[in-house]
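Each of the next two complexes has chain A plus one more chain, namely chain B in the first and chain C in the second.
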Partner chain A sequence: MLSFIVRRVASLVPVLLIVSLMVFTIFRMIPGDPVDAFLGMEQDPQVRSTLRTQFGLDKPLPVQYLYWLNNILHGNLGKSLSVQKNVLQLLSEKIPNTIYLACSSIFVSILIAVPAGIVAATRRKKPEDYAAMTFALLGISIPGFWLGIMFILIFSLYLGWFPSMGFVSPFEDPLRSLWHLALPAFSLGWLQAAILTRLTRSSMLDVLSREYVRTARAQGHPEGRVVFRYALKNALIPVVTVVGLRLAALLGGTIVIEQIFSWPGVGLLLLQGIYARDYPLVQGAVLIIAVGFVLINLLVDMAYQLIDPRIRIS
Partner chain B sequence: MTQRIRTAILQVYQSKTAFIGFLLIVALFLAGALAPILVSHDPLEMHYTKRLAPPGKESLLGTDQFGRDLLSRILWGARRALLISLAVVILGLIMGIPAGALPGYYGGIFDNLAMRFIDAWLAFPGILFFLALLAALGPGLSTLILALSVGSVPSTARLVRGLVLAEKEKEYIEAARAIGERDSFILFRQILPNIISPIIVMATVSLGNVVLIASALSFLGLGELPPAPSWGLMLSEARNFIETSPLLAIIPGTAISLSVLGFNLFGDGLRDLLDPRLSEE
Partner chain C sequence: MRFPRKLCRLLLAIFFVAAFPVLPQAQTPQMGGKLILGMRMDPPAMDPHRDQFSEQFKRFSFLYNGLLDYDKEGHLVPSLATSWKYSADQKELTLKLRPGVKFHNGKELKGGDVKYSLDRVRDKKTASPLIRDFSSIQDVQVVDDATVKIILKEVYSPFLSKLTLYYCSIIPAGTEAKEGTPPPGTGPFQFIEHKMNDYMKLKKFPQYWEKGLPYVDEIIFKPIVEDTVRYTALRTGEIHWANTIPFPDVERALKNPPKDVVVQEGPTQSVFYFILNSTKPPFNNFKVRQAIALALDKKEIVAGAVWGRGEVADQAFGKAHPYHLPVKPQDQDLNKARALLSEAGFSKGFKVTLPALTAHSLLLEMAKIAQAQLKKVGIEVELQLLDGAAFNQQVLVKKDFSITTMGDAGETRNDFDDAYYRAFFSTSPYNFARYSNPAVDGWLQEGRRTFDLEKRKKIYTQVMDQVNQDAPVIYAIIRTIPYAWRTSLKGWEPNATSALCYSGGGFSRAWLER
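Here is the complex of A and B:
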């Protein structure tokens, strides 16, 4: 097991190097000298040449990359231009809010998808099944950002049930926090719910056709017990896998949803950085989100090995 | 091949969902192609006296905050959405097919390195890649198409590589090698035509995805620029008037959803027909 973990973590090194190389390359594509972009209005030639040396821009590109990498490894992501703060500090303030939103939306999607999938599978080719499948199809076709706006229109402006923006920390006031969370979490969870409903249904159908289920039925166990006690447990294995895999993909979805609901997370910070042409902030945020994505995938992957030893063999 | 296409068309007609998807796509193409004929209003023409007008005789769906006709903007938007997704998918295939086919065909350390790189690239979340690239290059139609097509390379390459890998072991390829055909001939004239079905399926579903992502990026202000009749932009502008003129937000969102739905339904249907192995159930 230990050797597996070591090997898996070691395999991360080339991936992270390539990701950092991509971020570096993308932000070297900014038209003009990076110093122009990073400095904005500042015109003093003294400051410029100091910065050029500081960024190592007088050196060849590969050296510049190593220079930049070295800074990152020392936790130095630079200073934001629009907000006079350290980029790493800015990001770390926002990360928990994004995780809060992402995890809640996963929770919401499971809450919708698992019952819907079970109903669809047990009532196959009946109206309930078609309803669930229609929902699943709409879920993957309707963009989350439009859904968010429609939720604001219906539940916030017309009905007045939920606020259309704002954030309250769950540690300050748990109930108010949930109230603010509802619309963004549903908008973000919608797509996941659709994917998981489809998956739960097909996985459940697969398990229900297995022999052990037939045996249980033949022994005269009540249908409820067959479905929930025997079939569901096995049917949920692929669902759990996909939930894990989607966790990282959710990070991307949060960017748009955070913008619509003014949710103070990393995604909104990234967008504000882009609008303000605050390149150190954007570069830092992109790097941190990408690395977070890679790390979450690694953790999910390792968690499976612990839960299901069969995976380790293959 | 033609026989297969003919049966495929027949089967699409018989599969209800694929047929609905097909109809939605046809509607989208017609809307885009016939936009100049269907509507007389210029989608960019502003009328300050007719701002935010409700649906009526003169403007079937009403007007936006600059008095521009919503219906003509939606139809011209269909044209833009289609042109963008076709451009992105075709460019993506031009780059992605060789990027996967060559490593898959030649194998060895070249393949190993290429795949390492592609896997690492896929570890980079899609929307983040687009945001970063557009933040660096600046928004606009050409950078949007460039970013989206480059971003589609790794997934295309991975699919094509897997297909080539399986196909090159077959006997007819061995025979072609034995009679001394050139590698480029074997790869592009013999292997490629035989693995084209799954690539077509992927491209169809990608068309829908591109509509979705391009609208999202335009919505965020990083894709198309005003005053272009882009669905994403229209949605983003409509947010300020949502209470008084909800139609301005409802219609473009519906247009995006129906287009994506069409490509999804049709893509699913195609997958079942052309490549039953990939079918979900």
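Here is the complex of A and C:
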């Protein structure tokens, strides 16, 4: 187990090198540079050349890359060109907020999707199944921004149950924090739940048709035991894989929901970085997200063993 | 005969009620409270001499003062300088500084701070995008602690406008912006902290030079990108003031404002226009440019792009502004446009690409409406959607475009010269249309040497009549801003330059009723 973890963590090195080279190259291929973005309408030639030197854009691209790489090896992701703050400091402010929102929304989606998927599978072609599938279809079809705004209008403006926007740190005031988290977490969780409900249902249907389930039923085990003890565990393997992938994807930013609910996460920062062509900020953020992606997948692989002891990771 | 006493009293009461029916109770401002302002975005970095986006300017007006300022109507008035005087040759400007002004770091304002600020904004290393606006300065001299002399290279009548907050906020000598923290200023509020995309917090500066001001203790700028969400947050009472509400809601909100909310349109200097590259065929032919100007229906553009919340523009300043000019009107005339196109050899029309900025929905809407309107005279417009940096590189730097839509909020466009010399003088780097007309160049230079406002108005009216005829730029919209605020917020009203704190008004005089 330990050697598995060490190997997976070590695999980060080539992954990050490739990611760093890709993000560096691709981002510079987009038309427009930080100086174009920074100066807006005031494109004074004299100021342009000063800024190019200050931003280090006057050096050849390979030199810029190696300089950046050297800084990373020294634990320095550089200074954001647009925000004028240390990139690591900025990301360390925003990434926890995104993790908080992403994990909460995944939690909400599991709370909705797993029971709904089980009910839909065990009550196949019954009204409960149709209701769950209609919910899933609606969830997949409704755009996130529309759902977010509808939640705000209904639960904030008309019912006054939740605030319409903003973020409060859970360390500052846990209850108020949850109150502010509710709408964004449910908006995002609803969309994830739609996908997971369909997946849980189909996975459960597959497992419920297996011979060992038929045997368990033939032995006279109660249906609840058959479903929850024998079928559900096996059915959850693909669900856990998708949950892991969704969570990793959400870490890359939940831009739409962050924007609607004024949630100061990494997605919004990354978007602003892209608009500002803030090379150090975007490159740093993508690297950190890549690390997160690899680590979450490692956790998912470890979770398999907990669910099904037959799976050995080595 | 004696009137009964009761009748006398009744008549007296009726007289007073009739004579003074709606005398409002004078409201005494209440001190204290936390004022939360819903903003459209959260600008990064805060160096008043280097950062120049509209949302940054809005915050600077809380923190800083210029030597001069604009009042509610947009007239130049004293601020940190109480008086000024030009020398006989009009090349030396001597300014007297306001006594007893303190910076947020406790230091007293002296001539050296003014010199430092003006030198810093002119220094190439600062990389101020406005450096060119100070190229007329030869030297800044400190006469004594309370007097500063600015020596100009040549006579330059718009110079006073460059001494306002948006061009050169006054900061203490030796200070810099560090890690996103702005340098100290002399404004009514001082900076506390900024959490990017979360909030910016300011607190009342107790030693502010306008005694008794400001009234509120704390200001929170809350960035809420979506107009609908910002308006909802206002209606639920989560914020006290919203910088614009959604255009589709304005009409209804003005007639029937939501409970506990005031909605009011404020004037702005935000102008939106088309730029035609006069060096690129077919727009190098002035008849084609003129045809475009005649083919556009500006009333429809205002109605469509800003839901009618603004006025049709034929110049850079709106009707309420002191610099509005009586230029010759020009209405849509499709037949004349078609005739001009035929004369230019384009009787069957032509195809053209319009780079449009996707980040600004108003500019994109303008482009779409123009696309439909120009089709009527046979011009096929293809939209090329670009984000800010790509647009700036292609259009503003490389000038690789034929026609485009552009606009600006106008904080640094307070004089005729800012608006027209920059845009139309043949060698100006901001002449994106690459327009060149020796007569216009001559008038623009004359405008720089003329101080009398009425004479200047005549000069710039000539400029604009000629420009409107040559059509390198076709002004289309001057928009208003639909502000909304809670009824508990008192004493705030918009000004002509859309500044949030200004001389005699704004948030330094706003207070919360509790």
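One rule holds in what follows: the second predicted complex is superposed on the first by the 215 of 314 C-alpha atoms of A that agree within 3 Å, B and C clash if a C-alpha of one lies under 4 Å from a C-alpha of the other, contacts with A are read in each partner's own complex, and residues count from 1 in each chain.
Definition applied: a contact is a pair of C-beta atoms (placed from the backbone, for glycine too) under 8 Å apart; a residue touches a chain by one contact, two chains touch by 3 or more.
Note that the structure is a prediction, hence the values are computed from the model and not measured.
Touch criterion met: A:Ile18 reaches chain B, while chain C stays clear of it. In the superposition on chain A, A:Ile30 contacts both chain B and chain C. Applying the stated contact rule after C-alpha superposition, one finds that A:Gln46 touches chain C and leaves chain B untouched.
Touch criterion met: A:Ser80 reaches chain C, while chain B stays clear of it. Using the contact criterion defined above for the overlaid structures, shared-chain residue A:Leu88 touches neither chain B nor chain C, since it reaches no partner.
In the superposition on chain A, no contact is made by A:Val300 with either chain B or chain C.
Of the two partner chains placed by the overlay, chain B and chain C both lie in contact with A:Leu157.
When the two complexes are overlaid on their common chain A, residue A:Gln259 makes contact with chain B and with chain C alike. By the touch criterion defined above, A:Ile149 reaches both chain B and chain C. Taken together, the two complexes place residues 30-31, 149, 152-153, 157, 259, 275 of chain A in contact with chain B and also with chain C.
Interface residues of chain B, counted against chain A in their complex, comprise 116-117, 119-121, 123-129, 131-133, 135-138, 208, 212, 215-216, 219-222, 235, 238-239, 242-243, 246, 249-250, 253, 256-258, 260-261, 264-265, 280-281. On the chain C side of its complex with chain A, the touching residues are 44-45, 47, 52-53, 124-125, 127-132, 177, 179-180, 195-198, 222-226, 228-229, 232-233, 235-236, 238, 359, 386-394, 396-397, 406, 408, 429-430.
Residues 30-34, 36-37, 39-48, 50-51, 54, 80, 82-86, 90, 93-94, 149, 152-153, 156-157, 160, 163-167, 259-262, 264-265, 268-269, 272, 275-277 of chain A are the ones touching chain C in the complex. Across the interface of their complex, chain B is touched by residues 14-15, 17-19, 22-23, 26-27, 29-31, 137-138, 140-143, 145-146, 149-150, 152-153, 157, 198, 202, 205, 248-249, 251-253, 255-256, 259, 270-271, 274-275, 279, 282, 286, 289-290, 293-294, 297 of chain A.
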